[in-house]
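Both complexes shown next keep chain A, but they swap its partner, so chain B is in the first and chain C is in the second.
== the complex of A and B ==
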């Protein structure tokens, strides 16, 4: 038993001793955490939050245990003062899965509960706005339920043998002709259906009194899904009073592809390249999180060798630098700087992508990490190349950007005091990463719950104390500087040796069990929750996407601000739609 | 050969009269020919400007800019013109069709009409009206109307928002612009553009009244809606603002009007503050004057582009604050100061260089005091700082480090 599990156990025993009537340890093979009866959930959670300090609900998801006729809601809680995850589960009957909603306690649960309802059909009692979030209303069923099958359903799991009868490829879609593969929920007619947000759009032109003698009209503006500032196909329906935002409704799911369903059909190893597509700027970080999670399941034999650990850290930190350069550049773009800063930051990003291309063969979709290491060693001379970059080029460039952008009066005027999120709100809304740290909460998983070899490096947790757009902009500079410090230490300390603990494999012998692994991705906490039933394919594969959950606070930040700020605020959160919509 | 344009004009005049045309008709034909020539020159300039602007943008942004069509990509604009001509004209269903179609025409017309009174050289002047400044201000405001018409008639919320922003912005920026235009008028004792230029020999007004020149530059940048004042077409917020719904050549007309407007601002600054066509030998060789005029206008154009490419956009409330709380008071104080000083100096009759020096010092003084006061009176932005928390650390690392 290693030290980590010891600490975790001591945390769990503390909860067990405190609430012996409510919780029982989860004793299934390979499972951790505590089970609680849904009736006691709210009481338990509020006590956990108020008495034991578990104030941050990082992840909320569900699992469909079809053979047991049960649905399970899995909550992952942490203390904002650091420490490992506490896993709480509650089991519901599969025929009528109703869990109490946690939105009152943790506002950050709002989107995640909607997602669980949308994909798994778990109802949350007391949720103020429980409707579909990633799918549209005309979608029949809940796709992550194990008994839900898609229209051209062939075999249960990959690799599909029926697609290659006698070694020849056959399109299974041919069995499902067009127009016969669509089904709608009962009572749903796509011809007459009007989306909720559409109604909101038209209701906008009612007159109302602002004060005694001024009568104005509200204007509802639809920003997105095709809009230059939404960084993809994200949509905000904003109700305006003149130029001031009085209401906002984020609409997402335009890029939804049900990553998790695909993940459950794939084998464990097949999922690695799929994670690249989550946050397509930061594929290395995504790989990192997934590799860590599955290694937790696989056990001690798959601990990566020293050199691989260092390479992983180097690549992950380069990704962070790259992402923040992009975030800085495109934030300025959102402020209206006509691409000039963005192109200068993209130049630095290209240099890092060159490294990725050299090590992984691809600039963006790297697919570089493997369970137990990385797929191949650094090429000849790459260490020297990275050393030059992190010692000379990047520190110089970040100083240059600092000189030109940080003190710019327009940037300060546009960012200071705009879109403020207080520390309490940020924690409550489950914000993570730069958004959380800019609000004065120095919570960085690399320090708060170290993974890989981050505890060896000397760096500071970047933190800013105003929680506004300007601080969220500045914190990215701080983080780049800290990442460069880590990179310098890592590139100096990298040992020689193997990079993969085991043989390269297509399939892995997976033990039964579950694992939740998380890394400090550039955009925030990137978590993976994987359940294995002992077969080659994961039984459940859930991604806690930082951009998605950071968006929970968007409305909070935007109310009372101007339309122009809306764009700046969205830019300062730094979302990637590949990850939001999954 | 020194005066090419007038030589041609005289020759044509004699030719037409020789053919038996009446003097009135001859005059009309010559003037019509002149107008067509000016319009053609304007469009030719825009084609060149688009290429220069894109090349400059490329260089400022650390990339090449257009470099495929022809040497250095100089034919890029022609390719774009062909593309824009072949595109479909889309009129949205709910649009007010007449207004929708008139707006782009009006946008271009309002800019071109300004060019009617420009003195390109000592004797090449379209119409040397004695209320030239008044004419420019009046005609220049027509552009706003075009924007408002486009935004309103498109039946699009982005366009409407862009148009309503532009009205709030342009109407308020008109004030410091006109007030700072009054200063050259005051110094020249005339509203006639040729008289204003004559007064600027050899001391350009930018040396006499730099503050007025600066205010005019800022407010006219706002007038044409260039960054950092490009709120009316704020790309990241309003997609394209008032011309969101326009396509094909109708969009092209707005686009051309925009470039031309920017160049026109360059020309205006040249006339009012940079001495117009004046320069070495320009009085003897009027064709040189034309070159100087366009050269100066072009320089100002490049400065505006440079600013546009370097700065982010400011918000509408900040922009109106800048106007009402800074530009307008400063421009009025400057006007009063210059008027009083000019009156006093008129009686004292100092040498010209002393006059210029006194005016320059006065202007700079007004600007510096205004900057100092505005920096002082602006309340420091109150932003709440959250209490500092200890860094979140794992109990595991705490143990191992202790």
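== the complex of A and C ==
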């Protein structure tokens, strides 16, 4: 831990020494990173990217510091060759928060800047398409601002005072019935409003000329939101020229519930079950990331004991295996192999879910990790069961799945050379996880910036080099095999002992400060940015959702492809809408 | 050769079809609609049909399984005495704030009593996280194994009151024998310690 901080500090001093006029260290209590004036931001970022090699903008978010009348934009940068995070912050006046847009330098900032505008009302000067992304245009206000109040508002913070000692159950909807609590922004009339992307739809009537004298029309096709291949309520508006995609606009937010606002009302411990509901296939990984982040805030006393570390790794890797099994199965569904492959993979997932149910009590909403360990020890016989699974069943089944699908001519024909993302594009678009690694960038946080006890295990970073749909399909096989390797070592090495470092608590003495924790989730880098103001509830709680940010690259992948490939390309990214929309 | 990959894949499918019937013949009648049959389908070396025909067949839930909470009561001469002391910790830790408790008050003196007068759980809000059971210092609220709560009118039936929530300690012992035994043991030890402490004073 100490060594890690030292490396980070040396990185920061390197930046400080190089650009003494532009950056100052952030000296608030519990804060790290560097502060930069918004006027110098673009210069600093381009120097960081081109001279020091910080080419991957992992996370971009804002914080509303209402008492100081300030808005802060927080950037997390990494080198795609590995190493710890560099945190850059810029402060803006709250009355008129305008920051320069980074889309020109890091195209991956596009969606994240739109999200910050949508939720916090921070304007990004120079953004090509700065409009709401998760909320619709008729939404009044910016919900993550601290002075914004939701429609079904109970009390400011949980726990609510009316629950005890004189609690009388009531439905809060009754106090504030639907239709009476709706407000629109000024000058907005929902009756006459036409959504932006709808205009794109109407553009289809424009006639245009092909090179030969054949007269055709550009056609706009709307896929979703109710479409079985979009894996949920996700919408793509594609502009076609013949069958070729010339423009594509992803539309999301149909499942938005403002996870972050809920998180700021909750206490720190209450957030744990909510993280289950982000990427509902991988609740164990989500728990892992959140637990790591808050442990960073809590400090040394909350380092989990050995046994808990092993259990955490085992559960996280089992999650990766089940997620990739599902990804492979549903990718085949998208290609039209209706449900036979998906059922074979669901079968393996089911065996892993049985383990989760026996260990955590629930198949999908596990809520198993706690700050400083895990909630309970493995039940009797579970180690033996997992050993059997990872030594006998899973290797056999992944080989069978390999025989079943990898050489299949249809999969090859539909996947090879389709939806290509070059390594430069993948890094620039802030892609993470399998999408990044399939493009030939061997970046895996378990190796690049090890957390927990991953530095003890012997495994290879899976990487494929073509960046097409077929490689994104194959890399999931590779990752399952590597995960099985880790699982075998972990189940052999798991010691006896305690599983929780501290006593069970529901309130923690949170020091002031901030923390960014990240794990290599099955879908990519899952990051949590938490700011504590010393009270029981987090001041800011932000999730860097890998599915959401991987979608930034969707348009790039789809341009020039046939419309039938859109579904395959989307399937190869492997998104979960619970995480995209949060 | 073109098409070889598909044929290889179809071979896998064929093997799965073969396994289905082979397993059925091997296991005979006891594969379906019996407890051991269901259990066998969930082991790590299972082959063939994997699905369970709910509701005729049911998966056995593990001891740790959790669904909406219930209140444990001790049966003292036919009277239901809830273990709950209305301390309110469960309602404070509840992430979705679905627990409402009214503390009972002594009618004569006006002092609060260590028992709940009313206890509500809105199971529409409850997310089955298990925090209430985890943090209850009196082992009074526990997570249930009964997951069949579907009904026709959610506005009427989904706020569980005290009467609906109370279940006997014997039921708890039945669904979570391991935890019950552990807690009883801990309680007995505590009792013994307290008795030992009291004695020298007398």
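For the reader, a short list of remarks on this structure follows.
Note that in this section the second predicted complex is superposed on the first by the 568 of 582 C-alpha atoms of A that agree within 3 Å, B and C clash if a C-alpha of one lies under 4 Å from a C-alpha of the other, contacts with A are read in each partner's own complex, and residues count from 1 in each chain.
Definition applied: contacts are C-beta pairs under 8 Å (C-beta built on N, C-alpha and C of every residue); 3 or more make two chains touch, one makes a residue touch a chain.
On a predicted model such as this, the values are computed, not experimentally measured, just so you know.
After alignment on the shared chain A, the placement of chain B and chain C results in a side-by-side fit free of clashes. Once the two complexes are overlaid on the shared chain, A:344 sits against chain B and chain C alike. Contacts of A:40 after superposition: neither chain B nor chain C is touched. Once both structures are fitted onto chain A, a short way to say it is that chain B and chain C open up an angle of 80° at chain A, using Cα centres and rounding to the nearest 10.
Residue contacts after overlaying the shared chain place A:168 against chain C, while chain B stays out of touching range. In the superposed pair of complexes, A:393 makes contact with chain C only, with no contact to chain B.
Of the two partner chains, chain B and chain C are each touched by A:408.
By the touch criterion stated above, A:385 is placed in contact with chain C alone, chain B being left untouched.
Superposed on chain A, the gap between chain B and chain C at their nearest CA atoms measures out to 5 angstrom in whole units.
Touching of chain A by both chain B and chain C, each in its own complex, is seen for residues 340, 344, 347, 408, 410-411. Against chain A, in their complex, chain B makes its touches with residues 57, 60-63, 157-158, 160-161, 165, 227-228, 230-231, 234-237, 239, 308-318, 381-397, 399-400.
Within the complex, the chain A residues that touch chain C are 154, 158-160, 162-169, 171, 266, 269-274, 340, 344, 347, 350-351, 354, 357-362, 365, 367, 375-376, 379, 385, 388-389, 392-393, 400, 403-412, 504, 506.
Those residues of chain A lying in contact with chain B across their complex are 3-4, 7, 79-84, 219-223, 227-229, 240, 243, 332-340, 343-344, 347, 408, 410-411, 413-414, 416-417, 420, 422-423, 439-444, 447-450, 455, 460-461, 463, 465-468, 562-567. Interface of chain C with chain A (complex): residues 2-6, 8-9, 11-13, 16, 42, 44-45, 50, 61-66, 86, 88-89, 91-95, 97, 99-103, 112, 118, 120, 122, 127-131, 134-135, 143, 159, 161.
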